[in-house]
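Accompanying notes for the structure given below.
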Amino acid sequence: MTLPALGWQGLVVLATFGISLLIATYCTYAERVIAAFLQDRVGPDRAGPFGLLQPLADAVKLFTKEEFFPAGANRALFVFGPCLAMVTALMSSAVIPFGNFLQFGDTIIHLQGIEINVGMLYVFGIVSLGVYGIMIGGWASNNKFSLLGAIRAASQNISYEIAMGLALIAVLMMSGTLSLREITLQQSVAGEWHFWNIAKQPLGFIIFIVCAFAETNRTPFDLPECETELIGGYHTEYSSMKMGLYLFAEYINVFVASAVMSVLYFGGFNFPFQYELRDWLVSSRGLELVTAQNIITILGLVGLFAKIFGFIFFFMWVRWTLPRFRYDQLMRLGWTILIPLAIFNIMLTGGLITFGVIK
Amino acid sequence: MNPQESAAAPEAPVAEDPIKVQNARVLALLHKLFGEATFTDVEEPHGLLTVTTTRERIHDIVAGLQQDQEIKFHFLTTMCGINYPENEGKELGMIYHLHSLTQNIRLRIKIFFPIADPVVPTLTDLYATANWMEREAYDFYGVIFTGHPNLIRILNVEDMDYHPMRKEYPLEDGTREDKTDLFFGR
Amino acid sequence: MSPLFLFLSFVALLSALGVVLAKNPVHSVLFLILTFFTLSGHYLLLNAQFLAAVNIIVYAGAIMVLFLFVIMFLNLNEETEPHKPALAKIAAAIAGGSLLLILVAALRNVSPAGYDAASFDSQIGMVDRLGLVLFKEYALPFELASILLLAAMVGSVMLGKRETGERNF
Amino acid sequence: MAVNDTLEGTHKIHEEAAAQRHGQLMPLLNDFSQELTTLNLGPTHPATHGIFQNILQMDGERIVSGVPTIGYIHRAFEKIAERRPFYQITPLTDRMNYCSSPINNMGWHMTVEKLLGVTVPKRAQYMRVIMMELARIADHLICNSILGVDTGAFTGFLYVFQEREKIYEIYEEVCGSRLTTNMGRVGGMERDFSPVALQKLRDWLKTFPAVMKEFESMFNRNRIFMDRVVNVGPISAEKALNYGFTGPNLRAAGVDYDVRAMNPYSSYEDFEFDIPVGTNGDTYDRFIVRNEEIWQSLRIIKQALENLPEGPYHADAPHYYLPAKQEVYKNMEALIYHFKIIMGEIDAPVGEVYHSVEGGNGELGFYLISDGGRTPYRLHFRRPCFIYYQAYPEMAVGTTLSDAIVILSSMNVIAGELDA
Amino acid sequence: MDTRVPEIKTVEAPEGVEGAGFFATSLEKVVGIARANSLWPLPFATSCCGIEFMATMGSHYDISRFGSERPSFSPRQADLLMVMGTIAKKMAPIVKQVYEQMAEPRWVLAMGACACSGGIFDSYSVLQGIDRIIPVDVYVPGCPPRPEQVLDGLMRVQDLAKNESFRRRNAPEYQALLASYNIK
Amino acid sequence: MESLSKRAKVLEKKPMTFAERAYLPAIFQGLTITMRHFFRAATKKQITVRYPDETRPFSPVFRGLHVLKRDEAGRERCTACGLCAVACPAEAITMVAGERKKGEENLYREEKYAVSYEINMLRCIFCGLCEEACPKAAVYLQADKMAPPRFERDEFIYGKDRLVEPVTPDNRSKRGIQLTPEQADKLRAQLA
């Protein structure tokens, strides 16, 4: 890789980072407005036009709020907890292929932070670390509600990781690669008709999305922080931006989960008839192939974000509709329903691949 | 005006007030079970049979009424204390409202006792619901229920040193500053 | 030896020491997780990406969470730590020393083989390669391991089974 | 205590005090083994809504024992009532079960009317029935939707709260206030239903069933919700009676005791309605019994509205019912009565009377002893919450923390009524 | 119909925070506006007023328009302590403790007659106004206040927040105010 | 237990069907309901009243802030009889009565008047008993005004300066006895 290309790639990484933060920030706003609309309300409308400055107000307020260290809390870990939650949340978006590539002359910029051939495992590993932020924070708070929240978070995340992993394996069996980019590209190959993975893996997708809800601690699986039982759960004792980091981390996780679902099951940056469109641009509009490809890439990028926002909306929609599970019911759902279903899905996929029904 | 009258015993003669008949029946039963001398001041204010007895008998009577298969006073509606400072030797009282759901008969039993010796047997062994009612009576009037599993204040703070519902204690907070009006004297 | 390797080794040793020396068991666990991270770093240096990721997922992401879970639940800390008798300390020192001795003796003559850049296969640590090796050459141990896991699962189900008459979990 | 202390410090003092005071009752509290933890649920916990405290002994997430402490908003109703003339007690009753204050108001008025021997005209009785059933709906709506909130579904709460707003509007048209209504007077209502009020009521009767159906379809057969509530915190009929349960909580246990049917007051005998009963008294039963009672209340309101008789809206009792304002300005006799009533110089008969109405939470009783003065000599309120909340520890023991919260909110414990 | 109050005063700093050292720089102004629009309430609801607060949260009034729909039941995260309902003497220490646990900047809104002054409950067991134990910034009269009044009260708190130095906590006046309540 | 009322309606708990056990139908039902509300909120008129900018209509009998009425000639109606203070359950009303002096007939309607009349709005529970108690149609709770929130305790003692309604006919409270148009015109002329 040439140095300018490396520089461009660095910019892409930075952009990914920035976009994650921006989306997380405005997720708080979206959450409020969507919740309000679902509930026949209007949501924040007094901070800036349509209340668009609401997240900024929240952020500034949180930054200038007094720091607290609860008595008996482990200070180092108390600070470390939210930092870890934030770091792990941000790390996972690095391998998401947000777009194909842009080509300017000889420089090719892949719209992906970093391409590694075990991308999916990377995401999975980072996500599995996310729970440490919650656990450490909850434990360091020296509060029983926090500890209960932390314990719930730990057991919930471990349990649902298994089902999630098993659901992924079915995708892997079809794709034969762990690279997210490869998986994306396989879902649409020029000249061939390819379905998105959702058509081949409907059951796997349902399992995956349920697990995604659980991994991001969203209703109906928001037991670690459920307000009516544990007050705030693991972040009960946190004030100021440390609490803000936890909230942020949750939204970034939602964003990443949405992105991963879009990439794995909904074709990532592919959109229907993209190659036909490219060919049409070249043939009828007289564009160069490179330019046409760049346009397609940009459109794909926009399309992927549309998918991601759709999923984020779905996350919020569900959150404001459903009651939450009880702790033991949640565990039972994970272990006795989702995991067997996921295993069945693997067997089914294996069978279908063997008999050549899907590829 | 008293709708309770309408739900009367069906076998009551037409001529008589059904409530009166029913009350007479209950009273007869009471006399039969516990003896006539046990009850004084038998009244029927607004159709509700009211008897007064002594604290020595109250536990037996309530237990007997609860176990009686004919009338089945299974339900302790409420109990409350009362304070008549003028009645020498009977300053404090407890008033029990029993209810037989199956026959829809209510019964009010009163007991009175001196304020210097406010000791009453508990009913918690008969009715679980008596627990807090007795704690409330203890809290408000200082009635001591022997045999109560946990006779401590329920509504007021633990370190309160008087029983506020007794007539001698004032209602007001005393720290209220914004009341300058003594003119209209309440 | 690249500086990265040196750095990772340094951190690995330091955090491994931390595991043993930390007073607070929670700190110990956190040091252990750090150790696993550095080990994963080493795997990456060895071009074993899959192993690196799996190491993080399985060890750091799952097993250590359980460790932490248990420690938090038991709420171990300095006050509740039972005093260990001197004999146990001496025995531990001897046992540890022996282990060190054996390790040193075993590794004394090992000379790390350099690699031949010409014949180096960059795909050696990749998933598909690993899978082939695992399912061809080591199929039997692999299946045996799965039986072991199955036994463990059955055992845990038995342990976790609800007593009759108990409500909820 | 220092500012940066743990949250738990909030109630540490209380915890210790409570542990001391419950020492002899709950040996567990003093002598708990390593695995048990003590958790303070309340007084400021979000799920305790009102204010009461539960000190729970937890084994992991399971509750081993619980000790409730109440009295955090004890306001000395009974003592205040001894110092207030009869008509000034109405605002007090508002604040007892504030989710359904009209029922309290009417119950109190009927008690006084019983003492005074005043007969209320039919129209006023029907008006009272309408307002009381509206209040019951409002009460049950809030209880059931809060149960939804406590299981994590906030949206249903906001949907039905809009209906509560509409009920508030009707209250406002009828009496001039939204929540603490101070509605009605001894002897009838303070004013007739205005045309606007009747129109609002009719409109509401048209739109409400759809919302209620929607609410039910969001919860009634939703497995997540059912799993949370079915067989959670059951109580048998015998136990419930022994604990003095009344109202929906008793009916959920299968006993069809309803004051409206057993001892009808205010013309309840004129109306057709069913008494929904549950089967085993669990949280789900309490939920569906309340939902069904809302439908039954709607039935009653419709009947009362259809058959609303013409006539005066208050009794002809010049000694007790304030004369019309126009009369007061002109008529000397009316002015004298006006003064006498306001100054509390009416001659209430000596006597004692117990009257009960079916409140939002059960049998709401008023035991009034009058010695002929301007104030009651003794006024005891039979507050259903206070009586049945004692059963809470027994219902919660053996369940999880989440269940305990659901049980608590399904019991509909209103702090104002609990502590009086 | 004009339901607004004709005589709303322009903003005034609460007792103890006016005086020297309280000049608002533009940064402080920005922070003030941000804080004003993000007041997370801690609903300390004990009785009737709590139900009216629910109405304020409800669809008809929607407190979220003011950025305050996230009730934080943990005092650490709350900016505004809304005391709603009767505070009995048994409850008083808890109110005080919750206030002490809140992180600066913190404001207190006493909602309803009971919290402000005891209301009709002039009895031995009721605290005659929470300002005997904690400093109150805004009083909302009414029993219970209408949601309109609650929103008015919230806007008064916003006014306070907008015009306040963010070094409020270190100001000697504020320290003196807290000291007078025996809050460390 | 036997039936007490003979009108009991037993609500059976039906066991869950397979579809219900599979979570999804109920979830989709819930999601459709909320989505319907979402679109209703996004398209039709919203329920929310944007308070300081819009206001909700109050009922004409709403019990809001007090007003001390004047009569059609602009004289204070209150005669300081004290009934309102007696009727107040919160004991929030205080007044000092005074004798009307010669030459004050255009100020006070009756021979006795309230020299000072104070309502403690923090104590007041807006129950309306004072309005009901007033024999002179003097004190009313306005339907269109509420007691505003304030920063200081002392500001809630409403004296006559804030309670007595303005003389000008257009600013009179709509509650209670109102001026006829002719009376208003007369008063307007008088003021001018």
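For reference, chains read A, B, C, D, E and F in written order, and residue numbers begin at 1 within each chain.
Criterion: contacts are C-beta pairs under 8 Å (C-beta built on N, C-alpha and C of every residue); 3 or more make two chains touch, one makes a residue touch a chain.
Since the structure is predicted, the reported quantities are computational estimates derived from the model, not experimental observations.
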**Item:** Partner chains shared by chain A and chain F (touch criterion as defined above)
**Value:** D, E
**Item:** Which of A-C and D-F has more C-beta contact pairs
**Value:** D-F
**Asked** Hey, how far is the Cα centre of chain A from the one of chain E, in Å?
**Response** 38
**Asked** Where the CA atoms of chain B average out and where those of chain E average out, how many Å apart are those spots?
**Response** 44
**Request:** Return the distance between the CA-based centres of chain A and chain D, expressed in whole Å.
**Result:** 46
**Request:** Between chain C and chain F, tell me the centre distance in angstrom, where each centre is the average of that chain's C-alpha atoms.
**Result:** 71
**Request:** Would you please write down the residue numbers of chain A that are in contact with two or more other chains?
**Result:** 35-36, 38-42, 45, 68, 227, 231, 236-237, 320-322, 328
**Prompt:** Which residues of chain D are in contact with two or more other chains?
**Reply:** 2, 5, 7, 9, 45-46, 61, 71, 74, 76, 79-80, 91-92, 94, 155, 158-159, 162, 180, 218, 222, 224, 241, 255, 257, 262, 400, 403, 419
**Prompt:** Tell me, which residues of chain F touch at least two other chains?
**Reply:** 4, 27, 30, 33-34, 37, 47-48, 50, 58, 86, 89, 91, 120, 122-123, 125-127
**Message:** Going by the contact rule set out above, which residues of chain E touch chain F in the complex?
**Reply:** 1-5, 7-9, 12, 14-15, 59-62, 65, 109, 113, 116-120, 122, 129, 131, 137-143, 145-149, 151-153, 155-156, 160
**Asked** For chain E, which residues count as touching chain D in their complex?
**Response** 44-48, 50-52, 54-55, 57-60, 71, 73-76, 85-88, 90-91, 93-94, 97-98, 100-101, 120-126, 143-144, 146, 183-184
**Complete:** Per the touch rule, the chain F residues reaching chain D in their complex are 1, 3-5, 7-13, 16, 20-23, 26-27, 29-30, 33-34, 37, 47, 58-59, 61-63, 83, 86-87, 89, 125-129, 132-133, 135-137, 141, 143
**Complex contacts: residues of chain D adjacent to chain A** = 2, 4-9, 37, 39, 45-47, 61, 148-155, 158-159, 162, 218-219, 222, 224-225, 227-228, 400-403, 405
**In the complex, chain B residues that touch chain D** = 1-4, 6-7, 45-46, 48, 50, 74-78, 80, 82, 95, 97, 101, 104, 106, 108, 127-129, 131-133, 136, 140, 149-150, 152-158, 164-165, 171, 186
